[in-house]
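For clarity, chains are labelled A, B, C, D, E and F in written order, and residue numbers in each chain start from 1.
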Amino acid sequence: MFYTDGKLQYPVRVEKPNPIFARALQQAIGGVEGEIRVMMQYLFQGWGSRGPKKYRDMLINTGTEEIGHIEMLSTAVALNLEGAPLSMQEDVANDGIAGAVLGGMNLRHILSTGLAATPENCNGVPFNASHVYASGNIAADMYANVAAEATGRALAVRLYGMTDDPGMKDMLSFLIARDTMHQQQWLAVIEELGGNTEQLPIPNSFPQSEEANRFSYAYFGHRIDKQIPMGRWTEGASLDGKGKFEPMISEPLGGEPVLAPPRPDGGAQTEQVQGGMAVPPAANDPSLGGAPNVA
Amino acid sequence: MFYTDGKLQYPVRVEKPNPIFARALQQAIGGVEGEIRVMMQYLFQGWGSRGPKKYRDMLINTGTEEIGHIEMLSTAVALNLEGAPLSMQEDVANDGIAGAVLGGMNLRHILSTGLAATPENCNGVPFNASHVYASGNIAADMYANVAAEATGRALAVRLYGMTDDPGMKDMLSFLIARDTMHQQQWLAVIEELGGNTEQLPIPNSFPQSEEANRFSYAYFGHRIDKQIPMGRWTEGASLDGKGKFEPMISEPLGGEPVLAPPRPDGGAQTEQVQGGMAVPPAANDPSLGGAPNVA
Amino acid sequence: MFYTDGKLQYPVRVEKPNPIFARALQQAIGGVEGEIRVMMQYLFQGWGSRGPKKYRDMLINTGTEEIGHIEMLSTAVALNLEGAPLSMQEDVANDGIAGAVLGGMNLRHILSTGLAATPENCNGVPFNASHVYASGNIAADMYANVAAEATGRALAVRLYGMTDDPGMKDMLSFLIARDTMHQQQWLAVIEELGGNTEQLPIPNSFPQSEEANRFSYAYFGHRIDKQIPMGRWTEGASLDGKGKFEPMISEPLGGEPVLAPPRPDGGAQTEQVQGGMAVPPAANDPSLGGAPNVA
Amino acid sequence: MFYTDGKLQYPVRVEKPNPIFARALQQAIGGVEGEIRVMMQYLFQGWGSRGPKKYRDMLINTGTEEIGHIEMLSTAVALNLEGAPLSMQEDVANDGIAGAVLGGMNLRHILSTGLAATPENCNGVPFNASHVYASGNIAADMYANVAAEATGRALAVRLYGMTDDPGMKDMLSFLIARDTMHQQQWLAVIEELGGNTEQLPIPNSFPQSEEANRFSYAYFGHRIDKQIPMGRWTEGASLDGKGKFEPMISEPLGGEPVLAPPRPDGGAQTEQVQGGMAVPPAANDPSLGGAPNVA
Amino acid sequence: MFYTDGKLQYPVRVEKPNPIFARALQQAIGGVEGEIRVMMQYLFQGWGSRGPKKYRDMLINTGTEEIGHIEMLSTAVALNLEGAPLSMQEDVANDGIAGAVLGGMNLRHILSTGLAATPENCNGVPFNASHVYASGNIAADMYANVAAEATGRALAVRLYGMTDDPGMKDMLSFLIARDTMHQQQWLAVIEELGGNTEQLPIPNSFPQSEEANRFSYAYFGHRIDKQIPMGRWTEGASLDGKGKFEPMISEPLGGEPVLAPPRPDGGAQTEQVQGGMAVPPAANDPSLGGAPNVA
Amino acid sequence: MFYTDGKLQYPVRVEKPNPIFARALQQAIGGVEGEIRVMMQYLFQGWGSRGPKKYRDMLINTGTEEIGHIEMLSTAVALNLEGAPLSMQEDVANDGIAGAVLGGMNLRHILSTGLAATPENCNGVPFNASHVYASGNIAADMYANVAAEATGRALAVRLYGMTDDPGMKDMLSFLIARDTMHQQQWLAVIEELGGNTEQLPIPNSFPQSEEANRFSYAYFGHRIDKQIPMGRWTEGASLDGKGKFEPMISEPLGGEPVLAPPRPDGGAQTEQVQGGMAVPPAANDPSLGGAPNVA
């Protein structure tokens, strides 16, 4: 169950409202790197948490913090929209030199909300809850959370660079700090659970003897010139301590797939039904011409 | 530029076709944990890669591998649909004991594709490319990739458990092994770049002096009883070596937000325009009643 | 800012887990009539509220309640999934008589979440935040909220009828009661603001003298037989007390629209460019044949 | 079955084409407050109507009117695009002073349609038919329709304010008038059916004795300071005449939820499986620290 | 402007209601091959039509027919839902032998609509209006329409095969006939405009001298074995009479792309900024290892 | 299985980067007329291909080419973003005369990708894989492919006209040429299979004796004035040689639909349940008034 106090977690001030920055801030509300996503992600991870209770508590607790971040950003959007032009005439009158503002706005800020935030990204695309990752696997979830906070902090840093409004910079300096902590927090869970040597591969409950081990630590090359991009991923011990990285040219281990012909009553063309083949093509398939035009 | 040889990276066999397993496999094609997502994610990360060329090459190379995984899974879906019922009559005739099959299918496998795969998830929801994370920040991208491969391997393991078809188990054992490697691969990049102490917080190019440092390593408590869920995230050195974790009760640092009243010509109700307040409410706001019903 | 206590607003018990009912319950989480929608709708309405502060407070307060409803329902989904089959073999073994269960499940409950809720509807379609109505007009918002709670209570009543699990019926009896109140609550705001005579038409701040008054209280007939469906909407005083309902046959007041021909460099076919007309067609347009085939 | 006459319901004139206003008008076509939505909503409500036939007839009749509104607006978009720049060069040449136009356009108006309307909103987001509410409950549907027409009229009023083109203002004055009527129309159905005292709570066919009556007319307070926002919704008779409003502090009536640990073969981490608890935590759970940092 | 008569274009009878067939029929309403799509596609093509008026008239006329097809199918869905189980108990009682029905239904037919159609496909995915193709190029549109009617007729034929209800077969025989005609109709426009020799390539208003003619009639081979799939597309005159088909091995005509390094203030990692290269890599790039593992 | 060489199929040069043209180019990547769509469409058609193997090979081969087109366009987007403004201050400083650039950008190019492409269209709407048509019917698929390439070439031509950058024009001249060929290629398959006389109606495997032949070659008129738009589609032999076009006034062949009343326990209003009718209305239905207002 949840409670509120109607106050902001951190002050939100805007000295010089900027409707285009209001649009940019929307990315931090309804973008895939934004706060609606992490709020719902942490809460759904917590609500569906199976296993040690401490992680449920930690997740729901931090998910609760994130609701307040949406509140801060929604307030920031509304404040950046104070005084925004409502008509084409105002727009040109207000800002004839540096270019019209209205064309760069999320027009729904005028037309749909009366100068307030929407649960959309900076291009007006509504948040889609398929971005809420809650896999039932705590290590997978922690990495999903690190990814969310890493892209989230990159976003906040870019918004910080985009504005020179001191109030907005102050608010963003707080959100950036919280993203710093949240990156740490999720990695701390991995460490607490034994770190990568214990936690990898994810899920670690599947017996690795059942996977095709020959390929578990090989970096596959798919370059036509058979060159392989080298790096830490092609040499040395694997990070879970269970194997050794190696480069490997990828070769087809399977043949050409053969599907049954369509059923006569299945809505295909008659020519498909009659022309279908139940056996693999011969090696010298006549429909494949010789190379006519090699440079 | 890209090339193909028309063959499968690994053999795909189905001994006993199962149209409901065909539907389940769709999650690995068009689900958020699936192969279309990682294919596009690695390719877009590579195509937009700025900085050392080796990462571009590595990303595009692995993205190219993933195209072939979609091919394998699409073949597996089609083979699981061989002999699927096309009509209500067949359905009941085929499977009168264990329950009808047709109701559990993705009906588009019959109606839209003529017994072949779609770029959709197991519930028939089409893949949405907003899941392609390519942030321009290599560390953020690597963690997004780990998350994709961690949820991807969890999915593959669950599919492995769902079926007892030996061909399908064999194919999945290969995909599971590749997911093992790919989890490693992206973490190996982080290690190559100096590991978490160098790479965190992401982005590491933003001067931390500009963030609100007081809050950068604090785990905030939002429990109404002021209890804080304790763990590695509330004590010890932070994982970037730059701070020390601490628990902190979250308190509102900002006040109640105050927005300007609506403009008279802005499409609000007259009562809002007239009732709007340009100044903050007094502490003893009469519209907030005293608690009438405390237990 | 927000807080939690980790407890449920109302007890959630499941006596006999039912994975298909788990899927049905998802509609109340991520469906358009569900709790994510009202949670976000009330919070965004509150966060963007302009005008009397009491409505902001009331909206955020009730939005906070709704977060807990998602929590209850997510718990109910997880409890209905306890013991759900994870494989085709289990499925048939468990439920060979009444029909297989697995085909009727949201397979993501197995494959993506490890037996927990998702922010999706009963067909697995993720919640889309375009359903968050927050118009900046309080009367429009109140009616949007009534609609949400009316469809929400219809949904809860249908779920109540679908199950005979006493725990589920008990939980739903609570949610139904809350929907009863919430329908009332939003209509009470309309009443407090003066009721329909004051509040209609919405927005009431637009001068009605500028609308085409001739058509403001007319019910238009579009039946080819010129019959008009009669009712309260065709007779008596209008509900805002400002007009009188009347039936009216709809007649075209405008002519046939004429657009300029395509630009030669605009990507149309040459035949369109050359065949375009800048003047309206003559009344006896030769391309319109006489009726050749009247019954 | 449906018919047309190729003419516009009301004249559509544009004196000074404005490609950015064309983009704004799209909200009234494909936005959630727009005409595609109401057209489909009224038609689907009518086509699925069960119960008295007069409502079916009325709904289909008005849905038919709305098709013509999309036609009018599509014409208005096309006329506002006459003469729009097709190239970066033209754009700058045309409008070097007031700011470039092309950046503010829906670029699909150039690239995808050849200067014509799309079924999208003002940000280019395509209409999504999940917004078609047709609940099978006539009162719920009527309120959904009022909400659609209230937000629709707010939108039309804002578009009216945005332009000073006399032709566009004239067209919008007609659409605003129709929205006035349609708000009335749906409320007239509620009145005809007995008004709120008869119709509430929706659905009124569910026996209220089965809901948790203690909470049916209580406004819950979720403020941490136990203040409750007071208003009509906390005092006086309820609007259905069946209860009395009261404020009530919300208290958790349920405990902390407890889910079973993950199955060993369910794709979780081993640590979750082993650390899971089948019994509720003790009150003095050691993982919850004492409050370390109370202000 | 539009009119209706409240009657069905063709009789819709259901002898034995089948809720799973109701779900299947949804594909013909809200699927990408369905009637909402063609209705909106033809109307938007007509409303945005530039050039000869006769095509506008023809398109709007046929779009008007399609509205009635949605009406027929919505009626068919509702009739197939008569008597559908509303509860788990009913479901098992009704259909204990052939498998439970409820699991195979679109549960929104029970929970959201009260046994009526939705604007969704057979998996419950709502119609998305991005499928409305109206390109402003009449030949492109005609081919888009042929594609819609070809997939539409394949769908109708598959539905016809799925059911043995005589009423449903009769209705579908009508819709199949209409799809036959509509395929013809759009191709007839191409013929009237001069056929493929005149109309291709689309758009035919672009001077072909400005395209890279060397590649305009070449079928590119991307097989790693340099075999090219041969057919009509590799030999003979092209269908527009302007060229001659030829097979051609695709070779990279461009080099490796080089992007500037990230800006220091752009949110990348420091290592990217420092490691970036402004010049192309040398041919013997040391990060590309020699092939270590050639079979 | 797939391979790459890291090179571009055709050179991509940008002489004068233009961030708004970068946004426009996105339509060719992630728009419905773009390259992600055709890449996935041809690959899924190939992977699910049943019938003659040569079509599978041809489809996969061309799908492989399209991956490289996405690569070219993603490179073009990144190059057009070189030097783009990252802040409001830069923006105004850079381009004070011709209007600000930042407002016209896809802000995700700054905020989400660090100046690189996204899999989105020109308005920032992510690609949705429901656009991947792979019907299992080769003729339907070929027409879907022609439609994709026709709208795709119209798009490329419009982009060509929008820019005057010589590098971009050169790249587009190549893509336009490839679209020319691909339009031909799919139509060549139809010709190879016997042309329209053999292939129509699609699917040609359904016995036309089972369709309602009376209506298979009739163009229906839905004009209220019973005028029918005449053209090739109303006279002469049908294009499949199996019938003769004729105009026909559309008349309702079915009556008014009658649905059962709602079930008492189905969540409708009581008034619907009681007022429902199980028999058709009398011809002189009293709820339909006489025409009161005929002009």
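Everything below uses one rule, namely that a residue touches a chain if its C-beta (ideal position, glycine included) is under 8 Å from a C-beta of that chain, and two chains touch if they have at least 3 such contacts.
Being a predicted model, the structure only gives us computed values, none of them experimental.
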item: Chain labels contacting chain D and also chain E; value: A, B, C, F
item: Chain E reached from chain B - shortest hop count over touching chains; value: 1
item: Pair joined by more contacting C-beta pairs (A-C or C-D); value: C-D
item: Self-contact between copies chain A and chain E, residue sets same or different by half; value: same
item: Chain E and chain F: spacing of chain centres that average the CA atoms, whole Å; value: 6
item: Chain centre separation (chain A, chain D; CA means) in Å; value: 27
item: For chain E, residues that touch 2 or more chains besides their own; value: 1-9, 32-33, 47-50, 54, 57, 61, 64-65, 71, 75, 78, 86, 98-100, 103-104, 112, 114-116, 120, 123-126, 128, 130, 135-137, 139, 151, 154-155, 157-158, 161, 202-203, 206, 221-224, 228-231, 250, 252, 257, 259-260, 262, 265-268, 287-288
item: Pairwise touch network: line, ring, star, complete, or other; value: complete
item: Residues of chain D that touch chain E when the two form their complex; value: 1-9, 30, 36, 40, 43-44, 47-50, 57, 60-61, 64-65, 67-68, 70-71, 74-75, 78, 112-120, 126-130, 132, 134-137
item: Residues of chain A that touch chain E when the two form their complex; value: 154-155, 157-158, 161, 221, 223-224, 226-231, 234, 246-249, 251, 265-267, 287-295
item: Chain A-touching residues of chain D, taken from the complex the two chains share; value: 18, 20-21, 23-24, 27, 31-33, 97-101, 103-105, 121-125, 151, 154-155, 158-159, 161-164, 222-225, 250, 252, 257, 259-262, 264-273, 275-277, 281, 285, 287-288
item: Touching residues (chain side chain B, partner chain E) in the complex; value: 1-6, 47-54, 57, 86-89, 92, 95-96, 98-100, 102-104, 106-108, 110-112, 114, 120, 123-126, 135-139, 193-194, 198-199, 202-206
item: Parts of chain F lying in touch with chain E, wherever the complex brings them together; value: 3, 5-12, 32-33, 54, 57-58, 61-62, 64-65, 71-72, 75, 78-79, 82, 86, 114-116, 125, 128, 130-131, 133, 135-137, 139-140, 143-144, 146-147, 149-151, 153-154, 157, 160, 173-174, 176-181, 183-185, 187-189, 191-192, 196, 200-203, 206, 208, 210-224, 228-233, 238-240, 245, 250, 252-257, 259-260, 262-263, 265-268
